[in-house]
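Two complexes, one shared chain (chain A), two partners (chain B, chain C).
Let's turn to the complex of A and B:
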């Protein structure tokens, strides 16, 4: 169901689509609100939210789309859950012709993603991920396949894109089968793996057939103490490291930071600049 | 940790100094890491869309476009597609884009060179 206050979408509309499902421990919708503010400020594009019917938000999303999501994941030894299922719905529910799906913890701070919208393509997925210390070189399961990052997916409404999302749906519904097929270690459902498998099948198991975004994503996977904006630089303090980086898109995984006042201040500063 | 304490100073004072040192180390930022992150960002910024293709502007690309004799040609883009190019127009775009990104790189590199602490 789509709840919208806006006029009908015009031809070749473009926008961001965020998925956010709250858990008892984490207010993912609040994180998505900060993400949306920044994405709209940086690119001028509207942002729509996919969430469940329990969610209430005051943020003026372009559309709030209701899709129930029962999938819950847990990490061994840690409290808390996350609900990352249903990403395959993006194709059916997006109100845009050209959609940029991003994780709610991906901050759009530069305009590079917009360059991709000016090309001919069905879909593009983030393929390369860097940590501040270097490449995040992990492979999927014991078969060692390189995997894509579902953190950023750009797609148009084409037959091939539709097939991609249909395949992701199939993988999610039969995840235990695919997990065993690819000898994955992790038991929890991962969108990264589901999109990797779907992308691989769709491209005839050809690893050289690239649908990837040609640059690296920068991910901060550790605990973030603060991020400060200084002119055109970001000063980022982790528990044991500190970085000074240019204003650029960053993937920040620390949910504690994302819900902190400091994060809100960072977004305020970036939006005021 | 007790062996850090001298005979004349209480252990608490030494621990406090130690904590200060640890805090300073945590605040220190590594120039080489920052430099590498900045370079990665510049490599991203160097990409320019043109005629439904995506190109990374390099000195080689600019030199090639400068030396080519025909007004139109096909060039392979980042996604290995042949893209039709209006040479003069694309050369101007590449030169302007390259200059702008390199200026930004230089400015930001000068800034991070001076920063040792966050």
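Let's turn to the complex of A and C:
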């Protein structure tokens, strides 16, 4: 089921798809607006938003697609609450032939995802995640399997991609069953786990990484005080640590920072550069 | 000791099955033979048994055992670990080329293409092992003797040999070690207190003496098997692995904790091989 259509055919539409559902304490749509601004600036691709009917946004998204999300809110530590169900709808609702689904807290700062679209594949999922201090090697549970990161998923409209999203839908609907079967630690629904299971089944119950995005994602999981842009560098300050890294895509989980003025300034700086 | 009529076929699989008071190795060999017939139809299978085990060979076993070879002498008669006859496989195999396997190992898909790789050497020992995720294991929990004695990380669970001077020398050295185990253990090995010679240690020592380059294929890193010993898989030792995680059969495939076992599976815990699984094999082969 390899996609035989050449990906560089000009009439193929490409774009980002963001899912953002506001919670009582977090304005995810606001975060998505910053994310979209940066993604379009960096890649030139349009960004569409999937959200619920209550949402109001002034940002000129390519499309605002309404999909209700009935999943309850969850809260883990300092990361805040989220409503992350319904990611499986991406295949059906995307207005693009080639879609890059990213979390609203993923900042597209380099063009690697664009380059990846030149490759021939059905879908790709972020396989590996790095913290600034090293690998984020976690499994779904004590005897659970390693998992992929649904933070970034690239797919084309092919049969295999459709099967992936159908399987994710099945996993979400029967999550309690899969949670026990796969020895998951947490009780709340996680897209990462649902995509891990679907990807595993679709690839012959094998952990091969052929469907993986061939680089590591860089995640900042702690509280961020500031991110500054200096030429080709990002200076990232946490409570106790500071990092200087080359300009690259970053996954920033601190919702407080994402809604701060400093974040807006960072996006302004990157877009003005 | 080789007989002129020893070789009756070009290639095949061979195991030793000596039943002990609490383990039915013949039953495991039966399941193994069925897994081989299922994944590699036309393959030949030989089982080496002692006298008392030979009496337990049934007609249904003979449907998949192409050769049942009885040991003339049982060097392990007084041992609870029956390893001391291992060196004899060279003299008992009916095949010019033999893949020798431990009986608690099954095949989930064909490894017929491995024969071509094996032919690069006269003797090939598998190096390293894999966890159930199919990843090469770097756990050393069970390999302390190997590390302390700087022995090559070989496993005898799956090996290849053919009739050549090099393989004759390999088994000649192994025989000396088996037959003089206590002396070698006490005088030439560090931190080794095994009461009986384990084949892994003996063959590792043999490989070291003969030269690992003569009997391993480091570049062929697929020649190894999944080892279900607990720590290799980061499991707790107190609970059998098949009770800790889901183990499903869709023969010839076995799925452990939702991962298909594409490499040969050394299931290690004999209780995993239930009567239902044996029946499933029989059903698949219409036995």
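The working rule: the second predicted complex is superposed on the first by the 254 of 273 C-alpha atoms of A that agree within 3 Å, B and C clash if a C-alpha of one lies under 4 Å from a C-alpha of the other, contacts with A are read in each partner's own complex, and residues count from 1 in each chain.
In the analysis below, contacts are C-beta pairs under 8 Å (C-beta built on N, C-alpha and C of every residue); 3 or more make two chains touch, one makes a residue touch a chain.
Remember, it's a predicted structure, so these values are computed and weren't measured experimentally.
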{"item": "Touching partner for A:244 - first (chain B), second (chain C), both, neither", "value": "first"}
{"item": "Partner chain in contact with A:116 - chain B first, chain C second, else both or neither", "value": "first"}
{"item": "Comparing the two partners chain B and chain C, which touches a greater set of residues in chain A", "value": "B"}
{"item": "Which of chain B and chain C A:215 touches, first, second, both or neither", "value": "first"}
{"item": "Touched partner set for A:145, first chain B, second chain C, both or neither", "value": "second"}
{"item": "Chain C-contacting residues of chain A that also contact chain B", "value": "none"}
{"item": "In the complex with chain A, residue positions of chain B that touch it", "value": "26-30, 33-34, 37-38, 40-41, 43-45, 47-49, 52-54, 56, 78-79, 81, 104, 107-108, 111-112, 115, 117-118"}
{"item": "Interface residues, chain A side, partner chain B - complex", "value": "110, 112, 115-116, 118-121, 130, 132-133, 210, 214-216, 218, 228, 231-233, 235-237, 239-246, 248"}
{"item": "Complex interface listing, chain C residues touching chain A", "value": "133-135, 234-235, 244-246, 255, 257-260, 262"}
{"item": "List of chain A residues in touch with chain C within their complex", "value": "143, 145-146, 181-183, 197, 200, 204-207"}
